[in-house]
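Order of writing sets the labels: A, B, C and D. Residues in every chain begin at 1.
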């Protein structure tokens, strides 16, 4: 099957697999006291050009929820876009990890929040009123669930709105690599220089097997994180196998090259699709996801040909490209539709 | 370093690595809807000779805590040996996952509980009294933290005491393979035929990278487990990489051969050590762990030679062998002590 | 101050105080094993014309949250009106008690939900999908936060939508007495005959000091409730003092007479206000709360005269009458505005 | 029935009832913004001779659990005597409120801990080790569950052991009044001057209906307490009715006079019982509880005569006196046994 359903249907990058194989023999101290984990921290320090506290975990849900639980008390509120993964697709994990904090879904075009929405919510949230959950975290997704990206300036304005109201800022970076690759700016510009406090950096979708890193730009915030991670069953004993993935993925810019490829395949697909009559983009294509209005005949033809993608009742379809999507598969998909158009 | 500190300092078995490499390319459905995961369930069905519901997760702490949370309400009590990993080494993970159930540590020689201890506790626990947490689970560790094993008859008697008092039975099987390999009986005899309700089957210590399976022998008990796993961030998206490990490990009895090797190395070490004057076994060696009274001169000589192991103030030392411990390393260790003895 | 801010600024009814005084001497078994508590259950059985399981607690937030925690697993969703007290004014108590279930605020005119809203939400909620919280409870408020009431037919339709989708139905009845008094129908018609599973019956606002009762119409659902209540610190040791309040309040229809008075005062106030130019009702007045569009001059005159009520930026004001609001105080308020009008 | 089962079988003191009646009419701001609550804080400031932050709640379980949740993170351990109410009789409430912290029961004669036990536990607790729950709170009960009291010097030594190890100190003062009345020292000497951080001061057993106060001697520790209390459903809306009880109870030393009476009745009972052959005290009688070895014939005679008290299988019986226990009832009990002795 030519599968565009998600970037988690992909396997793992060869460089990651090679590193894993190399890590398999010999003894190593468990629980992160190993050279691979130390190297990951070093790499992230260099990549982000600042001190960081780094915690590898196996899933994005864990990374997000653990990060949030470090930023909010149980009586806190986590503001996020209403389509954010943390509020729609994690079965209440943030609520579980935080001891019952409340996720507050906010509206915004193309998957993005704007500062005014944040400020307006806080203004009516009852800050200091004991009957109300207290705004504690602003969680931003970069790249967003709509396949768009925040610019550094957009981020900085959002962070300012959050910080001005005493909120910490979390970034769900399941596709952070795609955003960096697209914007071409320094990772620091999209995170701590814009004021982001904690990033959950996703490796899984980008070419790892199962590896994410929670990255604190203010290590003091991470003081208790190790206990929370252990207590949640997310401290892997043979940590080298988690860290070896990240180590290879972060080495020599591989993570950005892989993301750039996924982005390029999304662009290629978008260019081909929008050249067809009746196909419209629901959102700008700024990372590796496309949301398109797709005529039913097209959708059915692709399904008949074995292509995987998501369709909604309203005629929208989602295609996600990955670090290893072959250009030929994209072109094959487009050929089918092109053929259909010519027949019509 | 020749490292006997734990079996989690070991790497991964070559067969597991090969399987992982083979799983790395191509697309696959995420979240367990893949052939590897289906195969793991099939294998466990065959190994345990019964219907099972299987949930792979990455850590033993997660496996234990999720299993317990399926068996106890928040107001329940989980009875366990006072040295059980769940109560001493998981930073309160069971309390977190269960919504605050209480772990009740009970005494027992050589890491093992006996039915009388369970029954006596329940008798004074205030069953039905609203002020008291209610005995809900008996958690047994097989092999135990003391490196001993329960026989099928011992298990059956314990389970009977638990079931007679309305408790479910969980088995922490981080080293279940070692117990099966030692006892030579059917896996079913050590679990559901003895009445065990849920097993957390450990693959990590036995040769996987990070893979455990929660195995329900009564699938009806697992009805909500999937939600709990997701919510705890333990549903790995590229599940094939977790399942491929277990698939290879369980294939053709590899898991038992690896465990048998670890056990044999423990026996070899025990035989050599107890032949030395002044060395005593604190517990029978029935799996892959040795607890020995070790004269300080011996301990210091080993440390000086770079051998890793744990020492306590009372003169006890712990050595753990692994699936890949070379006989030569065991013999080298013994040679050092033998030399010391001859000099003395 | 003539205080219309809320019905919780009122004191307690003389009959309740008398009963409390009578309960103060002599010994009684603690924790609800006393004649007062037995009598409360008997009274509610008679009032609701069915078997009930009854649990008195001291606050409405506790009553709501404990009831919800009996109906939803931690991975469940509780659907409610977006202005429901449980989602806006309890500082996340339901999340705390349920182990992190998610409250889903739904829209609806005049504080009321309609079945279509419930059904539409469930249709897109991902029932059975492990990534999504699962719709578990529909929570309805009677009388609503907008001072309106659901008719038995409206309730039945909502309950049907909930039950058809596997959800239990909770009713927040902080002002249930006002609804019954207004509608004049049997309490059973507004609860179990319409399919409601659990009612939190509010006594505090209606003339008690601090007394609510969680009433289960299906006692089997309450099996574990006692543990949850104890564990939350809501099992009062000298329970007689909680139950004596409810006993007196429920005796001989006092609860309905007091509610009818509060309703009548609301009507009186509404009649007087709407006779004034420029005053509009935001919602029908069907219980003891008024939401009115109030010209600023009127609002300021009332504040200057020492009347308490809530004002919002949009010009809306809220007035709440209580079981003991004197007609003279209502008339005095109206006189002030009438005088203002005549001057104008 | 002449009921010595517990001090919670008693009613309420007349002065408390009078104050409650006086509070019943007129309007007052809800949620603690009322004169009664302000007065309670003032009284406690004076009684403890220092700044305090005060939070009235309705039950001791709530007071203890909320206080503990302000002192420990979820990954913390709460050290307490193995018979402490918080670990034996609150159905896991501290675990619930703290998000799953672990209660560590420690041994000690006559219900009392000694510093060496605390220090020894911490030494082996794995401080700083991520696998272990971290000692966060020492909870002391004053008067103890065994009816004994800690002297100021004993308390200071225990607090020192706790503070030296980074733990906060909580005092469960359900019977604090009895301890103060017995020792005759300043309340400050038994609390903050000895280093206690938070006291849960029990009014219920001492003559209130249902009123406890959480008293922080370091108000900074209480910063978030209001949210926790609300979220747990323990913020009573008509707070005046909770505070009026405490206000009357604390006025003019009433709380100590009532406690002194209960203590005197315990002494009277102890003197009479120990004058009988075969009756032994299991613990010194230092508050209002007696634990006695009671010959079966005596126990049966008392039960036959309608006296209430607790008996255990080992022949121990518990008698608890209350603020209103009549001397004549004590003497009547003793007469029965005296008659039995003379017959024998």
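The working rule: a residue touches a chain if its C-beta (ideal position, glycine included) is under 8 Å from a C-beta of that chain, and two chains touch if they have at least 3 such contacts.
Keep in mind that this is a model prediction, so the values were computed, not measured.
Undergrad: Touching both chain A and chain D: give me those chains, sorted by label.
TA: B, C
Undergrad: Would you mind checking which chain's C-alpha centre is most distant from the centre of chain A?
TA: That would be chain D.
Undergrad: Between chain C and chain D, tell me the centre distance in angstrom, where each centre is the average of that chain's C-alpha atoms.
TA: Going by mean C-alpha positions, chain C sits 34 Å from chain D.
Undergrad: I'd like to verify one number: the distance from the centre of chain B to the centre of chain D, where each centre is the average of its C-alpha atoms, in whole angstrom.
TA: 42
Undergrad: Where does chain C touch two or more other chains at once, residue-wise?
TA: If we look for residues of chain C contacting two or more partner chains, we find 74-75, 90-92, 96, 99-100, 130-131, 227, 230-231, 235.
Undergrad: Sort out for me which residues of chain D touch chain B in the complex.
TA: Within the complex, chain D contacts chain B at residues 74-75, 88-92, 95-96, 98-103, 130-133.
Undergrad: Quick check on the complex: what are the chain B residues that touch chain A?
TA: By the definition above, chain B touches chain A via 1-3, 6, 8-12, 14, 17, 20-21, 23-30, 57-63, 65-66, 90-93, 96-97, 204-205, 209-210, 227, 230-238, 240-242, 308.
Undergrad: Which of the residues in chain A come into contact with chain D in the complex?
TA: 31, 73-75, 99-100, 130-131, 134, 224, 226-231, 235
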